[in-house]
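You will see chain A twice below: alongside chain B first, and alongside chain C after that.
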Partner chain A sequence: MVMVNGEQESGVIGQTIAEFLKQRNAPIDNIVVEQNGTIVHRSEFDTTKIGENDKLELISFVGGG
Partner chain B sequence: MQEPEIQGMSYDDVYLGMKERNVKGSADKLTAAHVTIAGAGGLGSNIAIALTRIGIGHLTLVDFDTVELSNLNRQQFKLSQVDMPKVVALKQNLQEFNPFVEIKIHQVKVTHDNVKELFADADIITEAFDNPAAKAMLLDAASEFYPDKPIVMGTGMAGVHSSNTITTKHPRENLYIAGDGESMGAEGLMAPRVMIAAGHEANMITRLILGDTEI
Partner chain C sequence: MANEKDALMIGGHAFTSRFILGSGKYSYDLIDSAINNAKAQIITMALRRNKTGKENILNYIPEGITILPNTSGSTNAEEAIRTARIARELSGSDFIKLEVVPDKKYLMPDNYETLKATEVLANEGFIVMPYMLPDLNVAHQLVDAGAATVMPLGAPIGTNKGLSTKDLIQILIDEIDLPIIVDAGIGRPSQAAEAMEMGAAAVMANTSMATAGNIPLMAEAFKLAVEAGRKAYLAKPGRVIEHGAVASSPLTGVSAVK
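Moving on, here comes the complex of A and B:
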């Protein structure tokens, strides 16, 4: 079971972080991804895969300052 | 030998008098602290002023941009400073508020490639950008190069929504994010609400300097 921001998510095991964000139509440039407590660096989005029992946190930013 | 004077007052009177209403026991920690602020706009200029007024020792300001008329509804610049580099204008203003702060400026765009160098001497990394991709880039790079340094960020302070929706969150160790998390700059950004978020960031920075890591 994969948890994303505290909610169960199915059908994502084996996807890369890049594929996962693209499928959700997430604004990839504005997001930092934490996988099991560790930040996945942007340069690793294409190679890091989502595994069984992973906990993902998506830290999203909006414009303004 | 003549004693040094500031505005016709003795150096010591000014130095001590300006700290008189600060929280007791805060002076030494504040004087020793070095905060680097990425972005000198609505968030950054207001955060810098707050930290300068309370007598932070060392401040580094980083921003590539120049002052525009459209900045003046929320950023701490003057009409007379339009077209000046923001970091130059802000340093000028800060020195008028408190001449005892050591202020370094860098007129560059922050990228993944220069984060390591720009924040090397910072105790606390402060994100004060407008652009959401720049915010994400800085958190990504800071967590790579300086995972042990606290980073204080802002997201969501647009419009005229309730003040009370702006909070400080602490989603992981060393990460603090102020804002409502959702209001986007495109709906308009105005001084009152931007200053609330800047106040959240500045107060969190102050708490960290004084040794409190809780929000």
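Moving on, here comes the complex of A and C:
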């Protein structure tokens, strides 16, 4: 079971991070991906695949003080 | 001009503006005019889980503005360090406004956890700007840990109460050899001017802007106040007479009827 931002997500196992983000229309310039607690660098988006039981965190800048 | 020589230095970077703008709690559409009117060069941002479809704040930030990510939401050193690393991945810069706030009611920073995180992040090359409850001893320890600035709170976050901790901030200004940047609680330009007049190196404000009736106009008011306060500080304000009075006009030569 893949968890994305704390919620279950199906049909993404085997996708690369790049494919996964494209599917979600995520803003590439404003997104950091953590896979099981480790940052996936942008240069690795094309080669890093989503595995079974992965925990992904997608984090962006928002307004804040 | 005085301003060119009077740069604010943070981690080896020079800034001519001494007003740091927050970007929370108001429309991204107003960021550009707020930055322009405030003549701000640094804007803070937070990091949160990405929700697809939400607007991308980076599209609203003018070229050349330094992004100062914060670690808000962190309740201990470990969480703050993780957030800082994520921030660096995203911003590509080493600036981090370190906030460790376990307390949900008053949003008081945890100085001890802040100190621990400062040490780790400074060793990793971050330009650490720790938010703290003004305490001289902790401020000395933050210096030793490698902080680039010290950011004491004027009053609890978001209150617009002003310089409730004025005396404690003055001690930091007098004793700490790093830029002292007053961070939270500044709600009025007059309070910002007072902090600058005391010798604060810069002032940061967010809620005062977000809760103002006219955000761009308030941004301009803060710019003027921060500049006025800085000039007053450099001009060395005159002494205060606690009792009695001292005439400003000559006491002799007064014309009399008789």
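Everything below uses one rule, namely that the second predicted complex is superposed on the first by the 61 of 65 C-alpha atoms of A that agree within 3 Å, B and C clash if a C-alpha of one lies under 4 Å from a C-alpha of the other, contacts with A are read in each partner's own complex, and residues count from 1 in each chain.
Heads up, the rule we're going with is that contacts are C-beta pairs under 8 Å (C-beta built on N, C-alpha and C of every residue); 3 or more make two chains touch, one makes a residue touch a chain.
As the structure is a computational prediction, the values presented were derived from the model and not from experiment.
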Message = Contact-wise, after the overlay, does A:59 reach chain B, chain C, both or neither (first, second, both, neither)?
response = both
Inquiry  = After the superposition on A, what does A:41 contact: first (chain B), second (chain C), both or neither?
reply    = both
Ask   = So, does A:24 touch the first partner chain B, the second partner chain C, both, or neither?
value = second
Task = Would you check which partner chain A:13 touches, where first means chain B only, second means chain C only, and both and neither mean what they say?
result = neither
Query = Counting only touches as set out at the top, which of chain B and chain C does A:32 meet: first, second, both, neither?
reply = both
Ask   = Of the two partner chains, chain B (first) and chain C (second), which one does A:3 touch, if any: first, second, both, or neither?
value = neither
Ask   = Which residues of chain A are in contact with chain B in one complex and with chain C in the other?
value = 27, 29-32, 34, 39, 41, 57, 59-65
Residue ranges of chain B in contact with chain A within the complex = 39, 41-44, 112, 128-133, 135-137, 139-140, 143-144, 153-158, 171-172, 175, 177, 179, 181-186, 189, 194
Query = Which of the residues in chain A end up touching chain B in this complex?
reply = 27, 29-32, 34, 37, 39, 41-42, 57, 59-65
Ask   = Along chain A, where are the residues that touch chain C in the complex?
value = 5-6, 24-27, 29-32, 34, 39, 41, 57-65
Query = Given the complex with chain A, which residues does chain C contribute to the contact?
reply = 22-26, 28, 31, 44-50, 52-54, 56-58, 67, 69-70, 72, 85-86, 89-91, 157, 184, 204, 206-207
